[in-house]
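In the two complexes below, chain A is the common chain; its partner is chain B in one and chain C in the other.
Take a look at the complex of A and B:
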């Protein structure tokens, strides 16, 4: 991973990531506990509750998925400033399964001194099924 | 001539790509040496007669045509050659419209309806045929290659094509910019408009292809 990318270093079509990881039960509880002091069993934390709601297993909360999608952009370079992220949930995201997060630069806005980049971001499972797709807008600094 | 027959712009609620962004990305693909001549916008459950992409298309030499992806009682169908008569006869927002009626109306008014991602569970044509649905004698093609297929869906589509002797189209089912062109349809003849597209689909002079790597 490059740590100090500048706007001039990047071209449309450049790959971002990939990042491979899974989301553990503990990761989900840690995320939820930021807002809730007492974690009550839900489809996000309990397989039993998830099953009772027709889900095969506990799932990762939507806001956490958005955060993970954003992370592929912010981890690309220390110089990234995330301006916007917009995702579409295509399938539920399970706990403890291999996930691949990747992005690609789709637009480079150089008008009026802008240093904004448009990016596609995708979260796939181990079968390369797209679970979450989205777009992000980031900015990078100009070279000093 | 290579056309992506299945794409969604932001007019579809689950897409995040504008038509202008797709055009920009097609030019990126071309600069990388890939071949793609254009795409068909197949928005979910809608068709806008007033939208015209001709000026955008001509600026970049990219063909942009319009169709629709409709929900039916027999899965999703891609519809091309949509006329005022077709939108007058059918409620495109009806998620349970009769697929047989859709096919018949299209046949009557110069359009064509083709089962989309036929191997997909719940919304694919194959599952309904397996369940005993009959008819659809005028359907000669299905979407063979879909860029958003999940494991097993392509194989199910291939089995259907083999069993029924269908022809196969290709489309990316793109909902984000960088997905466009991943699957396409290669036509023997040049396609300039929706009428040409329907004619060539009816004549069967095409094959499904993947974007060359």
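Take a look at the complex of A and C:
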């Protein structure tokens, strides 16, 4: 069972995750359907369209990647409040392939009653190639 | 080195806000977003029956940013463009039934020169406000244009 973390529990250098998962074709369609009632073939849903755009296979949409990166942080503890996430897309993210998401605490702001933490987050493929990298700012509550 | 000297684009667009849409966020949309990303946190998915109070996962506004049509900045540089990066500031909770109004503005255009030559970055900032005019999220996106490698 996941432990509820408090600001006092965390130190710089603490690991976040890792989480291993893959993104299926169905996951991508579900994600796109949040906005689009009718899914039309695109580089995100169709290998053929992706190929025509010079991509070897259908890819995971950028907004879905950022959602998955954010989830590494919010999944760490139910007490996490995500304030900001900033990502850089290094490579395209394929469907149905093993991905590892992980993070590390890089900063702990204890000035003026702040409970903010800075974190690095990364998404890697099974060859440990970094596909998406980023930084996050989260806050945790103080211990009761 | 970062500069905007010599970049030809429509500078009149800098800082000008353009409304890009109004989006009503339903409970079903939040649950669908959560399901697609394998979310299990009851804060976002409710209890085991899918009931109970929920809030939207913090990056949900992002689904409304992709694919929006923005003003053409008439950038006269580069043969290929790609999405370079994005940041989301989560300012306030988003709940089922919220009606979000989005406006975007061109925040910055600048050039960088690296090993692969010159690249021009266009940075757009999109603000989401809810029905109470509270800013709930700020999405910053960076797009790059560069020439093909010869």
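Everything below uses one rule, namely that the second predicted complex is superposed on the first by the 142 of 144 C-alpha atoms of A that agree within 3 Å, B and C clash if a C-alpha of one lies under 4 Å from a C-alpha of the other, contacts with A are read in each partner's own complex, and residues count from 1 in each chain.
Heads up, the rule we're going with is that a contact is a pair of C-beta atoms (placed from the backbone, for glycine too) under 8 Å apart; a residue touches a chain by one contact, two chains touch by 3 or more.
Note that the structure is a prediction, hence the values are computed from the model and not measured.
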First (chain B), second (chain C), both or neither touched by A:104: first
Chain A: partner with more touched residues, chain B or chain C: C
Touching partner for A:86 - first (chain B), second (chain C), both, neither: both
Partner chain(s) touched by A:66 [first = chain B, second = chain C, both, neither]: second
Which of chain B and chain C A:34 touches, first, second, both or neither: second
Common ground on chain A, meaning residues reached by chain C in one complex and by chain B in the other: 86, 88
Chain A residues within the chain C interface of the complex: 21, 27-28, 30-31, 33-35, 61-64, 66-68, 70-71, 74-75, 78, 82-89
Contact set on chain C toward chain A in their complex: 29, 32-33, 35-39, 41-43, 57-60, 62-67, 83-90
Interface residues, chain A side, partner chain B - complex: 12-13, 86, 88, 90, 104, 106-107, 118, 120, 122, 127, 129-130, 133-135
Chain B residues touching chain A - in the complex, by the definition given at the top: 14-17, 21, 24-25, 28, 32, 148, 150-151, 175-179
